[in-house]
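Labels A, B, C and D are assigned to the chains in the order they are written; within every chain, residues are numbered from 1.
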Amino acid sequence: MPRGRLEVATLAALELRGLTRHYGERLALADVSVDVEAGQTLAVLGPNGAGKTTLLRLLATLLRPHGGELQVLGHTLPAENWAVRGRIGLLGHEPLLYRELSARENLGLYGALHGLDGDERAGELLAAVAMERRADEPLRTLSRGMVQRVAVCRALLHDPELLLLDEPRANLDPAASELVEPLIGRASGRTRVIVSHDPAGVLAEADLVLGLVRGRVHVLAGAAELDAGALVELYR
Amino acid sequence: MIALLEIPLHQAVPYVTAAYTAFFALILIYLAIMAGKLSRIERELGELTELAARRRASGEEPDAP
Amino acid sequence: MSAGAPQNRVVLGALLRKELRVELRSFSAVPAMSLFSVTTFVLFHFALQRNALSDDLASGVLWVTLLFAAVLGINRLFVADAEQGGFDGFLLSPADRSVLLYSKALTLLAYLLVLELVAVPAFALLLLGPALWPALPGLLVVLALGDAGIVVIGTLVGALAVRTSVRDLLGPMISLPLLVPVLLCAARAGAPVLGAGGAGALPLRWLVTLALYDLVFGLITFAVFDFLLED
Amino acid sequence: MYGKRLRALALTTFAALTLTLVLAFFWAPNDANQGFLQKIFYLHVPLAIVTLCGFVYGGVAAIMHLRTRDSRWDMRSYVAIHLSLVFGVGVLVTGSIWAKGSWGVWWDWSEPTLVSFLLIMLLYATYQPLRFAIEDPERQARYASVFAITAGAFVPINFVIVRLSTAYLHPRVLGDISANLPGRFQVVFYLSLISIALLWITLWRYEMTSKHASAQLRALRRLLAGDEDDALPRRSAVPTLSVSVEGGRAGGTPGVGASR
């Protein structure tokens, strides 16, 4: 695979070749190879400890690969981590927000970290998730669902091309899910990697499905070819 | 060098022997601990050879990890 | 699209504002350090059964108290980031890793300055025999160099210990031996300044040693700090 | 692979140690002031020097580990520090016996080697707890290396500063390793230094062999038992050596040293 740096925009947003990461002597992720085109959605399924979160953190440049090749948005990691860090949004179980700070202050901090000036972008996002009314109260006074909505704003603040979602709808009530859908749903047009435990739900919005068991690829197919039944077998 | 009281030979002997024996005792304790580790390795190797032999006997290919 | 790599100054400012807000809104490090130092002076009074100290005893008591109060600050320095995902949040951004080190070092320095604003007058009031005023200039020099040492060692050990299972024990256990030379030089340098017969001259030998110690460990901290962050 | 030259090394060490003992007790004259007690000098001071060098080597290996991310360097650093801690206990014990012999006190704050050694041991005593307190093996190795580098730099600096402070109080140059030792003393001293250094290196290789063997064993166990025993690995401060087991590597264990 010629180094894709000079080509104008390599089509594939994500290219994984034999990606490996161990946890001490055990293999957290072994030999995972996947290509995800720009704008596509990859669903990652599998039992606990299968390496789903490890994969997400590798893509988010938070972990270094121990083996294999990893290209994100045309840049080889971990050498070019700096190049992709401003273009990836991670939404995980932890909101990564300071409880003592308000939503606006948190977004202000992340705006500065990403080199964004002004906070109109933050204002728009807070309005989109109907949080502008309570944007100035410390997060510790807000409910878990509200904090998750602010976390969505944090993940989208720098308008990332690649979205990494770890069970995004975990603690969102239906109303909140509704609000958040245009931002992180299929309609957002962003390349997405969704880790989920709900095969039926995620099949609807995925183009490609990756089933992991104990760090190894057990299922890799287009969403159309699979039915929810086949995926449940992953969890046996 | 501050002049020190002339320490008669016989009085110094116990200290010198104490120092040298303490040192050798320390090394021996260390070696004993390492020997313990070695025997643990031996025991585990024994278990593994047993496992392999049982596996060979039952003719089943060790399942590919 | 992200506006390219953020300038360090802007990032540093944002991080420091966060530190200030988190510190002000939660009763965490600074008030505890100040109260702890005054209480320790009272303890020393009863332990030594002395009403007034001077020379090396005064300098020693002052610096031991400051050191232990500083250890409280070191323990709290990274807690908010470790518990609320601050590390991951920072690592996800293209910001330069050393800016986090600068912001945390400046924060610890601020903790120490506020601590000394309370502790030094309290010390003068409660335990110091000779008048504080003539000794102040000399003392400030020693305090500055001592604080630099505490900041350098404290920031590194704080980051090293925070993401471990026994952080409240490991922090002090690792930082105190490393801080002994700082204490030794600072106490020796401060002794003549707090002299009973009026403020004596600052012993250059101990100031130079302390300054070199700060410099060497400053370079080491700068060199190895990034390895504590990325996985 | 560490076991190869071990036997030869052990023999030379044994020879050097016995020679030193013989010369120290039967060839070197008694010291003018200390008399027979001075024989401890041949043990205590070389032991201190070798231990200090062991800690500094631990720091150097840690620098290599952070640069190359190769777990073997982490193992070398770990074994070096672990062994130097054991030798360090020897230094403190022989030092206090010597202090008792010459000044009648088990501990003497004016003896710089003893004082700086106590401080160094206090610092390095936290190395194992630090490693044990971090579960993720990869992060454990990295944090341990950061500690080893900082502590490795601390060792010589602390030695100088403590010597500066004790000499400042009341200079006592006993146990000074300056070269103004008369002829025979010097010969025995350097011979002792070499033999204790050889002892350190032999024990270091011996422990490296043992650690390497148990890593191979765990790799073999994983291969044989396959993934049945994927119980979470027991927590330990000992570094995990990523070891490749030849043959049958289909998706098997990681290559020697995590490949970049």
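By our rule, a residue touches a chain if its C-beta (ideal position, glycine included) is under 8 Å from a C-beta of that chain, and two chains touch if they have at least 3 such contacts.
Quick caveat: nothing in here was measured; it's all calculated off a predicted structure.
Peer 1: What chain is the most remote from subunit B, judged by the mean position of CA atoms in each chain?
Peer 2: Looking at centroid distances, A is the chain farthest away.
Peer 1: Which chain pair is joined by more contacting C-beta pairs, A-C or C-D?
Peer 2: Ranking C-D and A-C by C-beta contacts puts A-C first.
Peer 1: Would you kindly tell me how far, in whole Å, the mean C-alpha position of subunit B lies from that of subunit A?
Peer 2: 50
Peer 1: Could you please state the distance in Å, as a whole number, between where the Cα atoms of subunit C are centred and where those of subunit D are centred?
Peer 2: Subunit C and subunit D have C-alpha centres separated by 32 Å.
Peer 1: Report the inter-centroid distance (CA atoms only) between subunit A and subunit C in whole Å.
Peer 2: Comparing mean C-alpha positions, subunit C is 39 Å from subunit A.
Peer 1: Based only on mean CA positions, could you tell me how far subunit B sits from subunit C in angstrom?
Peer 2: Taking the average C-alpha coordinate of subunit B and of subunit C, the gap between them is 43 Å.
Peer 1: Quick check on subunit D: which residues sit in contact with 2+ other chains?
Peer 2: Residues 136, 138, 222, 227, 251 of subunit D each touch two or more of the other chains.
Peer 1: Specify, in ascending order, the residues of subunit B that touch 2 or more different other chains.
Peer 2: Residues of subunit B touching two or more partner chains: there are none.
Peer 1: Note the residues in subunit C that touch 2 or more other chains, in rising order.
Peer 2: Counting only residues that touch two or more other chains, subunit C contributes 231.
Peer 1: Pull out all the chain pairs that touch, please.
Peer 2: A-C, A-D, B-D, C-D
Peer 1: State the interface residues of subunit B toward subunit D in the complex, per the touch definition above.
Peer 2: Listed in rising order, the residues of subunit B that touch subunit D are 1-4, 6-9, 12-13, 15-16, 18-20, 22-23, 26-27, 30, 34, 37-38, 40-41, 44-45, 48, 51-52, 55, 62-65.
Peer 1: Using the touch rule from the top, collect the residues of subunit D that touch subunit C in their complex.
Peer 2: Within the complex, subunit D contacts subunit C at residues 66, 119-120, 122-123, 125-126, 129-130, 133-136, 138-139, 142-143, 145-147, 149-151, 153-154, 157-158, 161-162, 164-165, 168.
Peer 1: Going by the contact rule set out above, which residues of subunit D touch subunit A in the complex?
Peer 2: Its residues touching subunit A are 136-138, 218-219, 222, 227, 230, 233, 240, 242, 251, 253-255, 258-259.
Peer 1: Can you list the residues on subunit C that touch subunit A in the complex?
Peer 2: It is residues 1-7, 10-11, 13-15, 17-18, 21-22, 25-26, 80, 84-86, 88-95, 230-231 of subunit C that touch subunit A.
Peer 1: Going by the contact rule set out above, which residues of subunit A touch subunit D in the complex?
Peer 2: My answer: residues 20, 22-27, 30-31, 66-67, 214, 216.
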